[in-house]
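Order of writing sets the labels: A, B and C. Residues in every chain begin at 1.
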Amino acid sequence: MLWRTDDGTTTAQSSPQETQIDVSELEEEHQAFATGGSSAEANIVMQNAINMIGYTTEANGKGADKDTVRFISIIEPTTLEPGGTSSGDDYYRVVATNLYETLVREAPTDRTVLQPMLAEEWEIAPDGLSVDFTIKSGVKFHNGTEMTTEDVAYSLNRAINLATNVDLTGMMDRAEAVDDSHVVLYLKYPYKPVVNILTNPNFAILSKAYVEQCEADGTNLGRNPMGTGAYQFVSWTNGANITMKAFDQWNGGDVAIENLIFVFISDSTTAGIALESGDAQLFYGADSADLPRMIQNPDVNVMSVQSSGFYFLTLNTEDEVLSDERVRKAIQMAINRQEVIDGGQDGLGWIAPVPITPGIIGYPDEFVADPQDVEGAKALLAEAGYSDGLTIQLDCPEYNHYSRPVQVVQEQLRRIGINAELNIMEKGAFDTDLSNRNYQIAYTWIGASYPDADCIVYKLFHSDYANTTGQTNLANVVNDEADRLVEEARQSLDDDEREALYLQLCELNQEHAWYIPILQSTNTVVASAELGGVTGNSGSFYYVSDYTYQPES
Amino acid sequence: MHRYIIKRLLMLIPVMLGISFILYAIMTLTPGDPAQLILGPGATQEAIDQLRAELGTDVGFWEGYVNWLTDALHGEFGTSYRSKEPVFDEVFARFPNTLKLASSAIIISVIFGLAIGIFQAVHQYSLADNIMSGATLVLTSMPDFWIGLILIIIFAVWLKVLPASGANHWYNFIMPAITASINYTANTIRMTRSSMLEVIRSDYIRTARAKGVPERTVIYKHALKNALLPVVTLIGINLGWQLGGTIIVEQIFAIPGIGTLMIGAVRGKDTPLLMASVLFVALLSALINLGTDILYAYIDPRIKAEYSK
Amino acid sequence: MSVGTSAKPKYKKRSQIAMIWRRFIKNRMAMIGLILFAIMLIIAVVSPLFINYETDVIQQTISERFMSPSAEHLFGTDQFGRDIFSRVLWGARISMSVGVAVVIISLIIGSILGAVAGFFGGIADNIIMRFMDILLAIPGTMLAITIVAALGGGIQNLLLALSIEQIPKMTRIVRSSVLTLKTQDYIEAARACGTTNARIIYRHIIPNAIGPILVQASLTVARTIISVASMSFIGLGINPPEPEWGAMLSEAKNQLMNYPYLVVAPGVAIILTVTSLTLVGDGLRDALDPKMKN
């Protein structure tokens, strides 16, 4: 993959007319999603539309080494130790997915479907207090040793006890190897989606002997990772790249791509240039500003699906000003979500009317969002005693995908007479402030760690989590009705009933304006057109072992 | 001379201590907590407390600084909070890129700075001199990141002849080095020009000319040698300064150097890593400055005599 | 920081300053710089008369994103549909005021520290100058970036960080002026008359050090404008929606592949302002330095 000058095969605008049509179709699709239609369907349509554009022109055969894939990520992971970083760290996940394996994995196209990985099958006990996993036999670690049920139990227990996983492991008690092929995970209380949690790469299976050896001789596991994945670690050049090669004894068989190099380019614009010039084949973390153009570029495919979470405004109800419901309602009425998507995300994204991710269990399809009402908002503010305007702090983390949309929100608030002073904060300081409820309004993101509404809304709305460091009842909602709804929904086994309860909860949220969901972002990987088998994935699991170079035509 | 060098080296000790104190204060007394950052927004108080204890950030400011200092005096600068790698492993992994960038920028600035500066001095008040002076002035006024953007647009986006990012090959450094060198080149041109003009007007050059020494010899043998003195200092200062000043260029061209490491460390609240990287660069640039002064003394006997007093 | 004020000094040294001014106006480049700077300054001051901050500078029109330059939008519109021309002009107010504010802050603190260090010498001098050495020993923009990154963006933190960066330079300049002046006869005479130290510093030393300070001030404003832009460029500058030039360039960078022309207007605005200030600073230095009287 040497850099070379333009060989004439790059992005010459193949047929502007055709592309134009495709893009306008795409825009129509956006409008369709915007009206809140069935999102799963929309999701597929969107992806088809994008794929169609990508596949209309054939790969031009650029790129010399057909056995090497260079995968750009805009952020270098800090460590490759499972559990060495927070369970939501997508940049760790993108790399670790190829290095480690978990017991189960999410199906690439539908995250509610689980597929076997290191576990061949699993069974939840009738009392719901344990899960029995049948472990695949003959699995080798990268150092050649065979994986045992001891290793599996050790890895799970390790993950259960790690501080980084506490948000996921509350219901888990311990894991035990019962024989050569079975591991049982014991739970503290029944929790159906528990197996979904195990897809998280923080639950990767490690070699017990290797980890203990690392601990004994002081080797940094995070820089010398060893698992059972399709690729084994070769080297890590700090700040530049991580090199891996295909593991010849991988339990999944042979792979087409021999060498996998993760390249870290922090600037998304230059990263995009590297991909489009054929210097790399995959790119995770593209800026929305570049996507409309890349969609038109026949050399690359933009694989976009709805991400597992949504961006929202949280209004701190403990704050003096925001404790007044009229102010919160006014803010809610000021928001025009489509404008935020168009101005802040270059039109890429979907309206998020409710604090639940579409496509997961419990998503209330029937919810109707109140429309934007600037005059009504002004009237409410005046009623609350702020007819001369109001100054408020609006916080967001420093990344473009937060700071750009929030500027549109800032403008919309200005139109109703609220002077929102924007604090674009370093992520750590932002998290600390949110965790301690030291904020007025914040624009942030929450995702579903597993595809069930409960994992988002319980902690957002239950009063037990209000004013508690580290818990995500960020708005400090203390409301009996909300407590009742989330508790009943958690206990119910009937999906329709749960959906009805969540619909009530979302309506309650709109009535009191605690959280204002704004937009559903895309989870995007951009792939060179010559690479086949790449699909979008809302969970950021990109298994390069599934990919092949398209045969040259 | 030796006493002078030793004195300067000894003076570095309080300076480095001062820097470490200021950095430690900035990192620990400002908002944001490394444990919170590593664990993510969903972390519970117990988990945060546990990690704080592991990282050693659960102590007060003074105790923390004294702990750091005690370890540092034993040569232990700790491990990065995030990667758990020894901090100097990270610094030395990144440093070659910064050094390559800074030194190639300096080489460019010296070559073009001297050539153009001398040309201008010799042809003072000519049209070319005026145009070059104007151009130099505009170059000093350009923010380096802006030059970087323009270069990327021209060479990476339009002409597609140079890569916009990376640090694997020598050609990765062409655009960054030019970008980083522009301001220094302009300064070197200005300095060379004015220093040459001053020398050319001096008595001994006038004498040489009067004696009928050929103009070429006057300029290149007599004048240049003396005019170079201030330029040498400038180059030394520039190199020391460049080592810490390529941050923005590294950011634009995604070069994994000390600058990007440092920004990552500040944003990640990685105190040991930040302290190590800044102290390393500060020490190095101080040593380069000292080296420049010594070199200067050797070139100019007058100054050497002064130091020896 | 306009040079015009120095032409009409309140001090007795009228003749000398008049001479400097005469030398200054004879310098063609310096005059070009002064005129250019005056134009930028006038733009900054009068722009509120023809640009409405609320409706022209920060108001978004999402339906008019990325419009090409036209009669209505001379430089086109940005990602939020705002008129770039209005924003660039308004940006002059921000850059200039931050530049001047940094100079004033660093000048006040630097003069006090420098005057104390130079005038009293001894321990005071040692403590102050060693502290300045520490600040100066952190190379490049590392110190300012560390401070802003740690404290967060926003104008106060930016002013703090950039001033801390400039204070050591100001202190050094004032100190060395004071050191050369201190030994001169008229200071000795003033002291012999029983004039207090504070009065000597205030009445005699500072006015006489004003030349080098002015040179440094004009160059500092120029450097600060670039520093502010650089900080905004890497996301550590002034918070939106203020139309700071560096922040505009940072936004333009995201659109580099789509609308490369967006980098032109803010970039040229920075270059013009900084060039004019550099010319003024150079001209002042030449006018002050008798050696350059050719």
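The definition used in the following text is that contacts are C-beta pairs under 8 Å (C-beta built on N, C-alpha and C of every residue); 3 or more make two chains touch, one makes a residue touch a chain.
Bear in mind that the values here come from a model prediction, so they are computed numbers and not experimental data.
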item: Pair joined by more contacting C-beta pairs (A-C or A-B); value: A-B
item: Most widely separated chain from chain C, with each centre as the mean of CA atoms; value: A
item: Cα-centroid distance, chain B relative to chain C, in whole angstrom; value: 22
item: Intercentroid distance (Cα basis), chain C paired with chain A, Å; value: 45
item: Where chain A and chain B are represented by their mean Cα positions, the distance between them in whole Å; value: 39
item: Numbers and ranges of chain B residues touching at least 2 other chains; value: 30-32, 152, 157, 251, 266-267
item: Per-residue multi-chain contacts in chain A, two or more chains; value: 267, 269, 273, 398, 426, 429
item: For chain C, residues contacting two or more additional chains; value: 149-150, 152, 253, 256-257
item: Chain B - residues contacting chain C, complex; value: 11, 14-16, 18-19, 22-23, 26-27, 30-32, 133, 137-138, 140-146, 149-150, 152-153, 157, 240-248, 251, 262-263, 266-267, 274, 278, 281-282, 285-286
item: Complex contact set, residues of chain A against chain C; value: 267-269, 272-273, 276, 287, 289-290, 292-293, 339, 342-343, 346, 398, 400, 403-404, 407-408, 410-411, 414, 421-426, 429
item: Contacting residues of chain B [partner chain A, same complex]; value: 30-34, 36-48, 50-51, 82-85, 89-90, 93-94, 97, 152, 156-157, 159-161, 163-169, 171-172, 251-254, 256-257, 260-261, 266-269
item: Residue ranges of chain C touching chain A (in the complex, touch as defined); value: 58-60, 62, 65, 79-81, 149-150, 152-154, 235, 239-241, 253-258
item: Of all residues in chain C, those that touch chain B in their complex; value: 29, 130-131, 133-135, 137-143, 145-147, 149-152, 222, 226, 229-230, 233-234, 246, 249, 252-253, 256-257, 260, 263, 267, 270-271, 274-275, 278-279
